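Two complexes follow with chain A in common, the first pairing it with chain B and the second with chain C.
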Partner chain A sequence: MASTKDAALARLLEHLSSAEPAAHPIKDYPTVRLSDPAEITKAAAFLKDELGFDYLEMITAVDWLGPMQLDGLAAARTAAHPFKETPLKADPPVTPAPGAGAAYRPVLDLLWSFGNLRENLKMFLRLEVPRDQAEVASLTALFPAADWQEREAFDLLGVRFLGHPNLTKILTTEDLAGHPLRKDYAHQKDRFDE
Partner chain B sequence: MNKEALIVSEASMHTDTMFLNMGPQHPSTHGVLRLGLTVSGEVIAKAVPDVGYLHRGIEKLMETRTYNQGVVLADRLDYCSAMPNGLAICLAAEKLMAVTAPPRAQALRVLMCELNRIASHLIFMGTYGIDIGALTPFLYAFREREMILDLFEMCCGGRLTYNYMRLGGVSNDIDDNWIAKCREFLEFFKPRVDEYDTLLSFNPIFRSRTQDVGLISAQTAKAWGLSGPNLRGSGVNYDVRKSDPYCGYDRFDFNVPLGQTGSCWDRYYCRVQEMRQSVRIIEAALADIPAGEIMAKGLAKIPKPPAGEAYAHVEASRGDLGVFLASDGNAAPYRLHLRAPCFINLAVLQEILVGNKVADVVAILGSFDIVLGEVDR
Partner chain C sequence: MGIVLDQLPGCAKPLPGGQFLLTTTDYFIDLGRKYSLWPLTFGLACCAIEMMVAYAGRFDFDRFGVIPRPSPRQADLLLIAGTVTKKMAGPIVEIYHQMPEPRFVVAMGSCANCGGPFHDSYSVLKGVDKIIPVDVYIPGCPPRPEALVYGIMELQKKILKMKIAKGGGATPQQEKGSRDLTGNGSNGGQV
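And now, the complex of A and B:
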């Protein structure tokens, strides 16, 4: 079991020029970090065709901008309701240990999870893209499962997946501007807030 | 009809596709799902599922709440089977904190999740029968489900949203009275599954409506990332309880029921058989509940997992429910992503509905057993 896992990891690293094992893997699964955004399609195709990872489990991202500011939502709430919602982060946020992979920086840390159901393996791919230019190739041609998950990441986090046949909002309403899961998203007041 | 009239009608006849809106307020969509169907006569030419009507931003809300408050929100995802939702979050946070729930808590987690799986599959069986036109099984299914809800109520006070899982354990213990009640339920329930087979599963009308309808090949199912009974109905043997065991599931002896053709009936029957397997797991768990604590020792009231990232997934009633957790060392998750099986299962509709009759849309949609609370989050 362990040997197939290591073998798959080694072959993937060998195939890609910009990949290396992540310094802080996602517990407790093998994690590979890419540094070249152009290689994601190559990595996914190799995983699928050569290593048997034909099951795309998950696509998501983390916005590492920094702790969430409660300005928008909490302020509106306090004005509307007699009770005051205590902001959880009133105490100064803990500065994350620099080594834990949780340092605040203006990037979106993308995440793909692939599964090999036959050999019972799982592999995570990571890739950092700048927040103001969050673009990456779509995997819809390789995995239909990427369709809705990429739309979700586009809707909630503002990642543009190039080559996606229908990259439109999926969960939020048509009139909502911005991407709610970005840390700098502020709640837009509507008629219910007054 | 004379020949002249026939020519006239053929010349003036023109065929066109029609747009048919189904939902979001439609009883057979099990919530607020909208399907934009383009039909050519009675045949679906294009299907566009439209989701998001129930989006509450649960992932965002969790970023301002403690982990144990997050469990409360997680109950509102898949509200037909709320136990495994909180469990997935707790498992991810426990990985970061390097905490393991005590053996008794793990046994209780398995017990509750399996009872919840039966309750959830009973809802499916009852409502799927109604979708197809069989009204009676619903009443039987809800009679049994009621007994499970009573057990939950006895244990933790909740009947739908339990808030039972805690970081490092569970909230309430069970006593001998509960165990006796649970055994009583199992004895009552075991012969009932065979009754469902005679009532619904092998009913010729039901079978003709569901067999060879909505076929999903194993390859399609994997490509679209289906999980749970929807994937296993297509014959793909993937069950998180077996492939990535948590809470000591590897201690239990149970089978993973598989379908053969990936038809609606296969997906349905996988769930019926899973109820039998869950009974086996519960019986084994009841026979050997370890004594001891139900919460891990030495945890803070408001736990702050150290900075880092973790992924944990569980076999929820509707599939592989995953939680990706990024922590920056604060009391609230920095980012928490839910791999919602219903959301991912639903995407395949746009492919497999095409070519089916309008009347089969309800049969196919029902066989996916979606809960919109989890689709939209």
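And now, the complex of A and C:
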């Protein structure tokens, strides 16, 4: 048990070997930046069993690829294979957005949100994984609530959660190829589009 | 009968003696249809909030005989109130075909009309008339309850024009669909 958010953050950082406080925390909540993908299970188990964070609120991710020129991408993909996502041969051109203040990079920034309902605390974990190798351990063994959250992150962003019992689409239609919230997602016309 | 006779000056004639009323079959049936529109409660998004207000005391849809039904088998009006996603398109067609004829569809709000603010989304249907025929379109985002009441009154005017002799009560619009997607005259219920 931890009484304050600072105590919880200190104990978690002490427990983990390769974690540090995030440079940009989410609001004023304690936010931990993990650097080793293998540590997410360890961190989640410690949060649940030792610090009382027994409520998994959310799992999501941010694609930091930046704005893209998608002209012709959908047509190229449709021609290559109509109902299957075709991997791009080369990285599509990344357009820098002047003044946006964000460092665009080919990563998915994963985010876990844990809640401690008894002590009214909240803790965020962040982890960057490369876009083309977006894999991380599933938390379904620890939190059953992670099941649908991870399916959503898989469906919309293409993060593969290793060890998930049923990692299938949850929101998009069956014939939708690709992951719509990825920055290089180009919509292929389906049977409902004109 | 006094109220009815006041409402029907040109369409119905009382016979001398006061026991009989002379009118056309079409008018008589359409009169029953237009004042007993039972909509399926089918709220999909924020338009449903305005729909609920229209049912509630201030606007009181019950005055028009519009009484919500929980089952499509008992409903003859499908109020599409909200955003139609592509994943919801299949269930909507299924519900539409479970309704007994004659059945009517009202598309409420910009989303149900044409996709609205989500017209370029990967997951939103650009108008419910791509999958089922629509009788009345109500613009607005969302439409006020007055607009929904007005749309129902327009639908009642449309119902009053229905003729039994022309295809079992269904309008040509219903038979064909407001946008013919396949080009062979009917989409055949296929999505």
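Just so it is clear, the second predicted complex is superposed on the first by the 152 of 194 C-alpha atoms of A that agree within 3 Å, B and C clash if a C-alpha of one lies under 4 Å from a C-alpha of the other, contacts with A are read in each partner's own complex, and residues count from 1 in each chain.
Throughout what follows, a residue touches a chain if its C-beta (ideal position, glycine included) is under 8 Å from a C-beta of that chain, and two chains touch if they have at least 3 such contacts.
All values derive from a computational prediction rather than experimental measurement.
Contacts of A:P180 after superposition on the shared chain: both chain B and chain C are touched. Within the superposed three-chain arrangement, the count of touched residues of chain A is higher for B, of the candidates chain B and chain C.
In the superposition on chain A, A:L171 contacts both chain B and chain C. Once both structures are placed on chain A, chain A residues 171-173, 180 are touched by chain B and, in the other complex, by chain C. Touching chain C in their complex are the following residues of chain A: 171-173, 176, 180, 185, 187, 190-194. Taken together, the chain B residues at the contact with chain A in this complex read 51-52, 55, 57, 59-60, 63-66, 95-96, 222-225, 236-238, 243-244, 304, 306-311, 320, 322, 324, 326-332, 334-335, 337, 339, 343-344, 346-348, 351, 376-377. Touching chain A in their complex are the following residues of chain C: 86-87, 89, 122-123, 125-126, 130-131, 191. Chain A contributes residues 24, 26-29, 54-58, 60, 62-63, 67-68, 70, 87-89, 93-94, 96-97, 100-102, 104, 111, 113, 117, 120, 122, 124, 143-145, 147-149, 152, 156, 169-173, 180-181 to its touches with chain B in the complex.
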